[in-house]
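Structures are listed in the sections that come next.
In what comes next, subunit A is part of two complexes: it sits with subunit B in the first one and with subunit C in the second one.
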Partner chain A sequence: MKRVLSVFLGILTAIGGFVDIGDLVANALVGSRFGLSLAWATLIGVVGICVFAEMSGRVAAVTGRGTFDLIRERLGPRVGLLNLTASLLVTLLTFTAEVGGVALALELATSVNYLLFVPVVGLAVWLVIWRVKFSTLEDVFGLLGLALIVFGVALWQLNPSWGDLLHQIAVPQKPADEDVATYFYYAIALFGAAMTPYEVFFFSSGGVEEHWRTKDIGTARANVFIGFPLGGLLSLAIAGCAAVVLLPDGIQVDTLGQVGLPVAVALGKLALAVAILGFVAATFGAAIETGLSTGYATAQYFGWQWGKYVRPRQAARFHTVVLLAVIAAVAGVLTTADPIKVTEYSIVFSAVALPLTYFPILVVANDPVYMGRHVNGKLANGLGSVFLVVIGIAAVAAIPLMLITAAGQ
Partner chain B sequence: MTEEPFDLRLRLLDRQVVDRDGGLVCKVDDVEFDRGPDGTWHVVALLSGPQALGPRLPGRLGRWVMAVGRRLSLHPDAAPRRIPFERVTDIGSAVSVDRTRDQLGVAALEDWVREHVIDPIPGSRHESE
Partner chain C sequence: MTRALGTIVAAAGLLLGGCVAPAPSASAYEAKAGMTADAAVSEVRTALVATDAYLLGRMGAAYLETLLVEAEEALGSVHDTFDSVQPPAAPSADSLRDTLDPLLQDAGSALTELRIAARRDRDDDLRTTADDLTGVAEELEAFGKQHAS
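Moving on to the complex of A and B:
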């Protein structure tokens, strides 16, 4: 039973990390503009996050070290600090978007302006981080986030031409009215969203919080290979729903309401309520993950005590960083910057920061002094190396494509 | 200690220091050497804190880190925090020492933040539920 429960850690990171506010919107937006012709970017992203999350989980289980610990150790203080700065900015931007996303989902449910919810959401996120046990947190949000499966049910109920959808996935073809740069810009956005760095910070640190040992490598793997693909499948279902319902009518997604629209069309009001519950759970879960990740990354760089497995006063600097991050995120949303735009930028910037995060993981997972007999095998190394190249290309191309396409306009 | 060459930069520098209760203490931001009577150099202490990290960061950023460290420091000397090498019991994926974090007294900022920011918040002394 304990084993089954611990798989929820993977599902939580997957739902929260894969299907957070930006992915909800990015997948629905891409679905409504490109059909499933960009599904390959999500699929590649799923394989990529599986490869590196598995490595980071294995390293955490064998050595008890979180990912940023390794980044500092292998890249040294200079590049490590550069990396920390970039990662913190991206993670804070994502955190801001998640807090905004929770508020937007609550606005959908109540019709009360989202800005009124923001301080309450911020307080709630902080309280959960301050008081709630790590394992409770993962069970609750893992379970509630599964409400998003309603998108899968909706897609099935819409009874699309499955052959046609599969054809779009298998033989990707850019829609005639979109240009090449925009197409690849959104490919990078989906890829960056799938492989966001905070996911490995959270996943590896979560493993340390859970006191993983070498014998828990199996659990870590189950988390990765069940959780992340499940998150990817939900992403595809969201894109599929948009492709079937919104694309033919030429509706472009730019609000959270439009993301849920296909569910309402297919299954009615009650299902929409379930979808909104899923939105709240996924964005709230992701808000907690990103908030904790700012603390994990900073504390692991400087060597401070961190984690929820000790009392807050024993990790005072860690909790101070998290508290400051919550304040910054709340202030960020209250500037009335569109949370959906904020996330779109955050996932593209994550794509830029990816190589610095994933390279040290690959190096350490290959260090026999460190890993003993749990060192990387040929498959992990092969895939890891290939993905480093892919990540490198995405990182280099992200900003130029953003400028050329005016952020996908 | 060992006859095989030991790469300090790879195996010691920037490692996490863990105390005897498993608590996280600091990073090995730098190391202190001393010359023995036979003319060989030995590591005599692990150094940490802004005064140890600053010199390893580039130019102005490094000086800035040291200046901030001096400003925040409760100690008048503002020297790097020092852990004598005799305290080290193991060097693996982390560096283990045989004292507790409080005995080592290397984290002045932690103490200050605990006293002034975290302790006043209700629930800071409780385990999570």
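Moving on to the complex of A and C:
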């Protein structure tokens, strides 16, 4: 019974933890401009993250070691360093966007300018990373993130033409007033938002933090194969709400406040408060995950002691990297760069860095020396290879499409 | 030495001259005007939907205020960007500018009025200003459709 409850809790936290500022902004923005005609990009991204998160979780459970540690050992220090640099830059950009997202969510609740919250948010993120147990922070923010289910309820309450929405998903068509380049630019943005690299590092490092063994592979798979797709449904609900309420009025999402507007229209004040709680939980939880991921990646590459399962004194360099990342993220938001724009760029640059993240994971998960009898099967290899091609295309096309479309204007 | 310096200065002058954005063609200016109107509609409609939700008791004052401030700032930015574009020397461009600029001005003023009314908690003023703003939104929409690229 205890094991069943543990699996159930893991699935719930995987659902609640799936959505971050990138998913919130990208799905609402795309829903308000393209309806659900780009839902296919989210669906492909969700399958992709499931394939690689399962691999990285299995690697963590079998080897008991972090991803970057294995990448450096298996592919050499130079490739490892390239991988580390690209991943760190993208994760730091995402971290900045998440800190800005928390501050924007607090502004919605108080109407106090978000910049005043930024140092407080930075301090809170650092304190939680420093003081709170790994399992506690994962469970609390994952469960609070479930508040975003309110978008699903709002969509149901709005009583849209379900046939029309399903038709948009099943038979995607570019809206007449949008050009092809912009359509595919946002497809890559949605794909990048669903497959953000830090999610995989955090998932596998979390496995090591929680001392997964091979007997835990089933639990990890349940989290990934049930939790992530249900999290993906939340993303689609956010896009659906925007498609139903904002698109007909010609409202194009460029603020977090606009993301929550359909919830107010459909369900009123209390539900809007729940949505704001969901925004705070999703962005704060993701800020902790990205902050920790910068420390995980760096410490694993250099072979330092890392993790929250040891006392901070024993992992001083790991915590120093995390602290520096918090300072950098706070400073980044305080430049007054628009956090929503930072989010948009972070998910597109995520797409560019995807091959560097996922190729080494496929290599390690396919190596019997590390994995023994838990090495990739034909299905995992087949799907992994297909997704590497998709990821490669997205990575190559992202920057040219960004330039051609003036970042989706 | 002096000759070389002169060549460098001349080359730099040519390069910098090339970097200055020329006035767009009449069709490009029209497309820019259409996009500006669409962007303005997005901000104005956001304010109207939010105000409506607030008046129906579906949204708190803090959320409304934040949305209105953001819409006002975004519209100001859209207006400034349009005004910074050098219109081509053509009567049609002047006509476009003479039509769109007052609409953007009216929308900006109405958003300011909405924000003031929201902060003073004056529902009647919110309702009246929202009604006025609806008319401006419709004109902006019509302009955007007419000059869509």
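Everything below uses one rule, namely that the second predicted complex is superposed on the first by the 391 of 409 C-alpha atoms of A that agree within 3 Å, B and C clash if a C-alpha of one lies under 4 Å from a C-alpha of the other, contacts with A are read in each partner's own complex, and residues count from 1 in each chain.
The rule is simple: a contact is a pair of C-beta atoms (placed from the backbone, for glycine too) under 8 Å apart; a residue touches a chain by one contact, two chains touch by 3 or more.
Note that the coordinates shown come from a computational prediction; the quantities given were computed from them, not determined experimentally.
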Identify the partner contact of A:Arg78: answer first if only subunit B is touched, second if only subunit C is, both if each is, neither if none is. first
Looking at A:Thr255 after the superposition, I want to know if it touches subunit B, subunit C, both of them or none. Which is it: first, second, both, neither? second
Touching partner for A:Arg65 - first (subunit B), second (subunit C), both, neither: first
Of subunit B and subunit C, which one touches more of subunit A's residues? B
First (subunit B), second (subunit C), both or neither: which does A:Ala264 touch? second
Looking at the overlay, does A:Phe225 come into contact with subunit B only (first), subunit C only (second), both, or neither? neither
Touching subunit C in the complex: which residues of subunit A? 107-111, 177, 245-246, 249-252, 254-255, 257-258, 260-261, 264-265, 267-269, 272-273, 276, 409
If we count contacts the way the header does, which residues on subunit A are in touch with subunit B in the complex? 62-65, 69, 72-73, 76-78, 80-81, 130-134, 136, 299, 301-306, 308, 310-314, 316-317, 319-320, 323, 369-370
Subunit A-facing residues of subunit B, complex: 11, 14-17, 23-27, 29, 48, 53, 56-58, 61, 92-94, 101, 107, 109-111, 113-114, 117-119, 121, 123-129
Taking the touch rule as given, give the residues of subunit C at its contact with subunit A in the complex, in rising order. 35, 38-39, 41-42, 45-46, 48-50, 53, 57-63, 65-67, 69-70, 74, 141, 144, 148
